[in-house]
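The structure under discussion appears below in the form of structure tokens.
When the chains are written out, they are named A, B, C and D in that same order, and each has its own residue count from 1.
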Amino acid sequence: MNQCEEQAEIVRQEQLTPDIFRLTLTAPQIASSARPGQFVMVQTTSYYDPLLRRPLSIHQTVADEQVQLMYKVVGKGTRLLAGMTPGQKLNLTGPLGHGFDLAGRQAICLVGGGMGIAPLYFLAREILRTNKPPKCVVLLGARTAAELGPLPRDFMDIGITETHLATDDASLGHHGFVADLLAQHLNPDHQWTVCTCGPHPMMKAVVSQCRKQGWGCQVSLETMMACGISACLGCAIPPADLSGPYLHVCKDGPVFKAEEVAWL
Amino acid sequence: MSEADLRVTIGGLVFKNPVLTASGTFGYGKEFAPYVNLHHLGGVVVKGISLEPRRGNSPPRIVETAGGMLNAIGLENVGLDRFITEKMPYLLGIGTRVVVNILGDSLEEYQTLGQRLNEVEGISALEVNISCPNVKKGGVAFGTDPAMAEAVTRAVCAHTTLPVIVKLSPNVTDIAQIARAVEAGGAQGISLINTLLGMAIDVKSRRPRLANIVGGLSGPAIKPIALRMVWQVAQAVKIPVIGIGGITTTEDALEFLLAGATAIEVGTANFVNPRASQDIVEGLGRYVMENKLDGISEVIGGLILN
Amino acid sequence: MSEADLRVTIGGLVFKNPVLTASGTFGYGKEFAPYVNLHHLGGVVVKGISLEPRRGNSPPRIVETAGGMLNAIGLENVGLDRFITEKMPYLLGIGTRVVVNILGDSLEEYQTLGQRLNEVEGISALEVNISCPNVKKGGVAFGTDPAMAEAVTRAVCAHTTLPVIVKLSPNVTDIAQIARAVEAGGAQGISLINTLLGMAIDVKSRRPRLANIVGGLSGPAIKPIALRMVWQVAQAVKIPVIGIGGITTTEDALEFLLAGATAIEVGTANFVNPRASQDIVEGLGRYVMENKLDGISEVIGGLILN
Amino acid sequence: MNQCEEQAEIVRQEQLTPDIFRLTLTAPQIASSARPGQFVMVQTTSYYDPLLRRPLSIHQTVADEQVQLMYKVVGKGTRLLAGMTPGQKLNLTGPLGHGFDLAGRQAICLVGGGMGIAPLYFLAREILRTNKPPKCVVLLGARTAAELGPLPRDFMDIGITETHLATDDASLGHHGFVADLLAQHLNPDHQWTVCTCGPHPMMKAVVSQCRKQGWGCQVSLETMMACGISACLGCAIPPADLSGPYLHVCKDGPVFKAEEVAWL
């Protein structure tokens, strides 16, 4: 059990796009034990509104010392985060949940849409550091080029040469869905392992293609969360067997095997 | 004396301090071990247990509100058998009192739960949930009618030798009346409040934010209502009262003790600050020392009126 | 059509939009003239009026809580005579509907108020407060017992030709039951909720923060409870319902309309943002235009369940 | 009716002592109509905690353009204020209540304790600008010198040569209560008008001395306030005739003639 509560100091706050930010924090306890796909719960204020912590994926750890979060301003909590400046402290709990499982994989493909790209960068770095797989393809999608900001470059910079893009408005890469890129770029002769995180419809499309091809697929899911530590039972999602006991995203996930969960 | 005396007594049991954790907000204890020294707490109240496992409600189950949250978990739990075999072994070793929260759909279920848990080692007391608003056939009827509340209390008490604490629903006109009924039924303690029935709508989709439509409101938002009810109940009954509802800080806990609560339970605050319960234990210790009190019991019911 | 149709009808009266101001939070209208174009509002509900002037409770009368506030004003008001001579002349010229909130200690007082106000020019409707928890002899009894609630409704209706809106107390087990009683008594509309009974203690002095000990909780904190009750009442009765409780933004107002309210009242939010009521009128207008609705009435009761 | 709501921009935030701050805002509408003793209601956050606006006296207006507030950090709202920086906007309503009445006065004495000094500075400047009274004495009290910060100097700088001080701990001026200074510094041959603002016990002592001497006395009172505009009736205080209708601080005050209110 490596979970802990950490009073993390903000090192850097970068505005990547009008509403996407990257926050770097000193959080050695969390940084040193986090795995790709895990998340933290961030206390955005010491007042009672907003009350609950906010779940954010770990975007990257730096030298077992720093944790990086990438977030989009969508409401109260993320707006507060965006107003914070270096030197301020932020209370984090983590690392939480269980992440991606890549033991002994060969050909790996990461498929991210929107903010779902956040945890995939950590994953890509880990893959390059540990697995050195013969193939590692990254497919990124967004509504428009501006939403991707520096992310495609970030992946290429660490050596993912096969980074392909899709935008809904054709402003960058393929004009259409990122899921379309699977057929274009994954050689069906390989036994791919696909890891995906993003909007539900996107993941559903990815899962459906993987199923057809017989590829392994891991999905990172989001739900409303009150505790993040398996205490409130608020983060339930239906299992593949619809009548079975609910799965809990904060504990059984956020990363699941695609076949474990229901795709409604 | 170098350490503050925080002991309180409920149903003949001495608790090392008056800070318990509220059912459904602290899992089965283990979930908080990374954050809290469990043996520092006065006690742990576990998630409500029913005879059979329950799936709970469809998601979404929670939504944040101003200063609070709504939940419609629907009493998801592992059921009595798995609770005893899977959860109790860990709880035996946590070094503080374990209170088991129980719920049923019928008098018989409550009875059976009382009976079965009576034989389980390591349980200090039962907390009978007659109040959860989430399950249609469940708690509501028991908790809002004095006669039924008394009957369920009597049923459990008759089948267990453990101290029985009955947990009240706040969704009633006259909380003191229910409290008196429960006392007459043989309860050795009363805890309150459970959540207030509430609702939230997503304007974009025009749908309720909870699949269950309505849910239970908890958190700092409800503290004033909880405190008022605890004060009313403490005046209405002779048995000890445990205050619950929005308690987040040491000051909050002191308010409930002053209003007449012998102990308190920390609920939603555990989600916001997983160390909240322990912080309050430490805060009460400091309060007792700084005010040179003989013990925390001097605070209980110490509200000055005039 | 270039302007959104926000009209709603209650008790046969057309209101230009569904946004009213809640009694006790908007003075007698004039206080907000520097901040709001009063004629833009759907209506103004004035501070509760009794037959005789009332001093109200001793101070302190208010305290802030998480996301809300407690008040124990104790229904201080200038009394019927001064209301008619000093306040009505201004209200006659504000260009929107004036609803007079009334309260009494007995059926006779309510009757007399209904009768006397019937003769006053410029009043669109009466809102009968049977719910204020602050005055010992007052509202509580009427508002928490269905038979008494029906009786007071009947008494007022028998003595006035004005549409009668009855305002319910949320401090009850079954709000739908009270609503049905009030409908049976002849009410042409129901407004809810009034404040929830709460309490706060100053830990330093060990005293209640309100001289009256308990007070009424209002503000965003109570919105989920209010919304749930409005939804329950809208399903239980055929007469129009006016939603009240924590409404601060256009989204809040839409939640209540979707839950079945025909109109809403803005209360505590007026203190936080004195322009709140007008902002909501404008927000609803934009909502109707943006969603290309024929009018706001399309939203009422539009909650989708499944 | 000059009340208005104004979105005021912060020009300057000065920390005078560890917990006392002075905030300068651009608020021309309020600045141009404010009178000494009036106050504003400040919205300290756009979130719901703390919910209510906070009343703060107008410490000074500058060139009908700026409003200055002086406040002590005592809780949630004032802590939020202290965290604000130039360029940020703050929503004010004001000017509220009615202020000091100094028409045709001769010898004037201002007695301030702690944060009660805030409105007296505005008053002193107005007196010098308009009345030019033959006598103007300022008596300031605090627990300790540090609490007074630059205030004594501020009064002297504008020309109040007769500024006398008292501190509870003798760190500055008279050792004891500021009310003691009345007897020391006010020549009983004059018909003084005393204006006072500060902690209740201090004002009570001042009022009692004025009554003995037959001097006019105006007091600025504080209560909890929800609205500040006479709508909530929350700010009631008992009148001198204890059984009469309550007075309301936000409308009938905050400045009252001492003989109007009860001194319990």
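Methods note: a contact is a pair of C-beta atoms (placed from the backbone, for glycine too) under 8 Å apart; a residue touches a chain by one contact, two chains touch by 3 or more.
Keep in mind that what you see is a predicted model, and the values were worked out from it rather than measured.
Peer 1: Looking at CA centres, what chain is most distant from subunit C?
Peer 2: A
Peer 1: Quick one: subunit B and subunit D, Cα centre-to-centre, how many Å?
Peer 2: Roughly 47 Å, centre to centre.
Peer 1: Could you give the separation in Å between the centres of subunit B and subunit C, each centre being the mean of its C-alpha atoms?
Peer 2: Comparing mean C-alpha positions, subunit C is 34 Å from subunit B.
Peer 1: Averaging over Cα atoms per chain, report the distance between subunit A and subunit D in Å.
Peer 2: Each chain's C-alpha centroid was found; their separation is 54 Å.
Peer 1: By residue number and range, which residues of subunit B touch two or more other chains?
Peer 2: 66-68, 219-221
Peer 1: Give the residues of subunit D that touch two or more other chains, as numbers and ranges in rising order.
Peer 2: Subunit D, residues with two or more chain partners: 48-50.
Peer 1: Linking chains that touch, what shape results: line, ring, star, complete or other?
Peer 2: Topology of touching chains reads as complete, every chain touching all others.
Peer 1: Once bound in the complex, which stretches of subunit B touch subunit A?
Peer 2: Subunit B residues touching subunit A: 24-27, 31-35, 47, 53, 55-56, 58-64, 66-69, 71, 73, 76, 219-221, 248, 268, 270-275.
Peer 1: Which of the residues in subunit B end up touching subunit C in this complex?
Peer 2: Touch list, subunit B to subunit C: 65-68, 70, 144, 171-174, 196-201, 203, 205-208, 213-214, 217, 219-225, 227-228, 231, 246, 251, 254-255, 258-259, 302-305.
Peer 1: Under the definition above, what is the set of subunit D residues touching subunit A in their complex?
Peer 2: It is residues 45, 47-50, 76 of subunit D that touch subunit A.
Peer 1: Mind listing the subunit A positions that touch subunit C in their complex?
Peer 2: 48-49
Peer 1: Please name which positions on subunit C make contact with subunit A in the complex.
Peer 2: Of all residues in subunit C, those touching subunit A are 66-67.
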